[in-house]
């Protein structure tokens, strides 16, 4: 299979959808003339013109809301959030309008809206620019929330998102844009709500999404050197959550570690952990472990930032705790 | 469009604007087709009578939640919708019963929505604040103040993007103008309008209050129309209690917006006769005299005078129209009463367009 | 002890704090001339004047942000959210400014801000006005999130909130304003992060907060008729979470049911459930059960709304599942 | 304050406003105390040299994250802060290095913050975007565009509430004006100002771009000062490249705001010489000529001319000042380099003011 970077996977999916469907329009800050903060949309203004590649003022609430209106009228807007941190300014539009209009109108409109952009921590971007906001949206019925970890998933999930009828929160990760991976040729898509076994194993299940999948795979490789075979689940989407895939895996590994980049309390890993207990209580040989970021706003200093993020060794340690029940995390 | 431009670039447009308002109010008598105004008089009477039933339904516990009636403001929605084409679309906030009726939604279905019945305009899912009738170009019905404004701006863009000559009509309240949900999309509308990509008619229903907060206490400038100058959106203030004025303005503005693809804003000065919502009983923020003074400007009575002058209405005709309104309202209530509640399985219906 | 309604408890706490400290100011929509949507602030404009009881335009982002600035300068603003649904418009101000300024300034400012108002479903207020938004804030480090269920807690927690140095998300519930309860005389306060055993029991632990505590107590009474003694924990605050109180209770009941009004996925109950498993895995005789609202925007029709909300019988059934392991919820 | 009022109510104030700007620019030469301007010339030279070091630090990987330098805009912050009293306070966005230096923050502590060191102005917690020096009335340093604006409005209210005669100075960018974070608090400022409860001096640093998006492409009206008319906030546009103009305006406006407790807005037209941030290398949105043209209006060179004319500067003095700037910048870097990183336990420090 040909290789592609995560960035090119997203970019080529956008180009492909714009070519096949003239109702697809792109909107966002500095996606046109500036060529895109992460160059996902470089050259697209020249290629498709200003009515399809719309540079917006700094008005997140305004342009996300406008995109919802466009979607209600049958366009397929793909909005770029320069980073997901800024989406908090459009939170009401996404939660109270995009997610609910179909429902409170009694099914009279589709809202085929995609909002995409980088989520999570970068390098020393400090507190206001280093957040992983997935759980804010994963909690909300009416939305789909996906967080691809590989180029192939990014491409296949983005196609599904753009072709659908519902609002999709599409969470990329800046630290993934340059990773390469095999991407199938042709017009493949990846469905929502179907997790993938990124690495099979029998001893423990590690559940991860977005950048943390890469960290989990590294941890699994390290564990393998000690003969510990971790099964790594690439979640792909948080809403819907592929409960069956997780339970199936845990029911033969009997142990689970859930990984997330963000603050632990009330984070995505809590739902996954509770779901595992509810679905596989009798099969669990150890409490489900959570590996998460520190419960603080992201500090600027690099040494503190590194302490605030979850790393391979944290996953390895958590896996060992589930296997040998060391440590006091469940005393 | 010299006049337009002057409105855009020169906020000094204030004076001509008010003057223009007057001109319209007087010039109109001759110029508008009064015959068809009779139809709208009837619509306004029906809406007023209909709201009496919604208030009664609320008192009887048949209607729940918040209930915001339109009584007193009928001339605004009637005058604007009178000039909207069938293919055009519109958005409004939660004070939306009359808007739905004026657009031709079945009174029974509107009442049934308020009663939370399966036969409601939104299948009982939305209620009073979320009326929707997309088949008639009515895109809702929203409860978060100001948050429906960007939707209408994007919808207007879509209409042009698809190459149609449709226009989008947006109703908003005076209170909504103080929200970021107003500012951001209005600037977008101004920008997109320069490319002819925003055929949006904006109507501020200035009824002088946002709940208990008057315009003077909530807006640093009280000339609300002038607030659109910041967005290069031409604007004018008109008498929203006079159907003929509103309608003539609507005709001129809709034609202009349809032709140019540029937004235009109308501040319709009106008044809410009832409390803000059903819960607003004592109205400590305004006194009875104030309300009485405004009731003397009742838009229905005003239009009645115009039509009598023109010999199109007399006591007999009025009695007939009121009897008809009585019947429509009563039948709407009966339909709502007799309709079934939504089936339990509807709880999860209409959540997503596709299963996964 | 004298009785007081939940409304009067809040109202009298506000008056008391305004009398003892002139730096306390109230701000919000229609709290003055209109006398407050829920009459919490009735007559206070007349009593304290317009510079201390500030009626605002419909500008949630603007007045919450202004309150943050006031707090940074040493005032103690208490902002009323007419309902918490509208706070989504101020979400960025609360999450990116209020919660983080102390941290990214290296501790140079206090932010003694309280934002209070009704949270959760009313009666037929439909999708945009019936949300229980606690988890959006409970996830965020730098905030305190409290949800009093009784008049005494409301009064004691509000005093603690207003006298503190940090931003507090104070979640009331419209359905509780008229309930009566005993409220101690004098200047008592209730600390953050200390749960209370609202009803002692040995068979199962029920964890609840806000209005759901009242429903949980009703369920416990019903269960008692069958000789099932449920211990009901009144959580009081979600951040900080009183992990110890919960674990202590579960370690002698060996069973737990967590109740929340809101959507199940990624809701507050998930964190509590995961926390119980992490802290008491070996002591659990049954998986922790979650009783939650339906995963849909709130429908308007009363019959559907009732189906969407958790009720006493759901708690009773969940408790029975933990005791007799009936049902398939953890098959 | 006839002039004020006219600005408030009459958006036609446009013309007088621009004219006023000119008047200031010419009238100023004689009227301002040039001697003390020498001090500010020195400050501007230091800031410019300091930014060269921050860019170098970024290239060397010593400084992380986003880095937004101020080169080209020095006259704005210098002119405004020159007229702020020690007890006054101010807020700005993320392009904040020079603001901190002009207010007297130790250059070493500023550089150390950018290096993420424990000795930094915010203990290494905030970095370039979040400089804070509350001891000097500098309340930060914010990264979400527009979101710091309401903070300054509330802070201004608090200053008056506490009975002081302090003023609050707010810097914001042209791009920030398109956010709801601008609109909502500006309306509050207009309202509170009527009660004399909002002593706020607003300075829009119009450097013509928001990242790659020019004012023409992001604002429906390009006369940014006029946008304040919607909030009844008097306003004027001035040449932000001329220190003397900015300073004289600052003196007049600060005195006025201090006396009245009413907000006032200044649009300072300036230009950013460097890219938006360190990552903005190719600047596809503007061409070299444009940048060159503006470099000829370099605020440091302009002030240098004024001072030479006045006989207060000559080549020798300039050389001395540059040497001094060189030394200050180098020492700042050395201090930052040699300072320790924050201790690990700082990860959880400064999160809450109280334990529970």
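Each chain carries a letter (A, B, C and D) given by its place in the written order, and its residues are counted from 1.
The criterion applied here is as follows: a residue touches a chain if its C-beta (ideal position, glycine included) is under 8 Å from a C-beta of that chain, and two chains touch if they have at least 3 such contacts.
What you are looking at is a predicted structure, and each value in this text was computed from that prediction instead of being measured.
When the interfaces B-C and C-D are ranked by C-beta pairs in contact, the top one is C-D. Separation between the centroids of chain B and chain C, computed from CA atoms only, is 37 Å. As a whole-number value, the distance joining the C-alpha centres of chain A and chain B reads 41 Å. Separating the centre of chain B from that of chain D, both taken as means of CA atoms, is a distance of 44 Å. Across the assembly, chain A contributes 56-57, 59-62, 85, 89, 92, 96, 103-104, 126-128, 141-142, 296-297, 299-300 as residues in contact with two or more other chains.
Across the assembly, chain B contributes residues 122, 124-126, 130, 142, 144, 147, 178-181, 183-184, 187, 191, 217-219, 351 that each touch 2 or more other chains. Taken as a graph of touching chains, this assembly is fully connected, with contact between every pair of chains. Contact residues on chain D toward chain A in their complex (touch as defined above): 64-66, 113, 116-118, 122, 124-127, 129-130, 142-147, 175-176, 178-181, 210-213, 217-219, 279, 284-285, 341-342, 344, 346-348, 351. Every residue of chain D that touches chain B in the complex is listed here, in rising order: 8-12, 14, 178-184, 186-187, 189-191, 193-194, 217-221, 226-227, 229-233.
The residues of chain A lying in touch with chain D in their complex are 29-30, 33-35, 37, 55-62, 85-86, 89, 122-129, 294, 296-297, 299-304, 307-308. The touching residues of chain D, when paired with chain C in their complex, are 89, 91, 120-126, 130, 132-135, 139-142, 144, 147-159, 161-162, 180-181, 183-185, 187-188, 191, 195, 197, 349-354, 356. Those residues of chain C lying in contact with chain A across their complex are 61, 85, 88-89, 91-92, 95-96, 99-100, 103-104, 126-128, 135-136, 138-142, 238-239, 241, 262-263, 265-271, 273-274, 277-282, 284, 286-290, 295-297, 299-300, 329-331.
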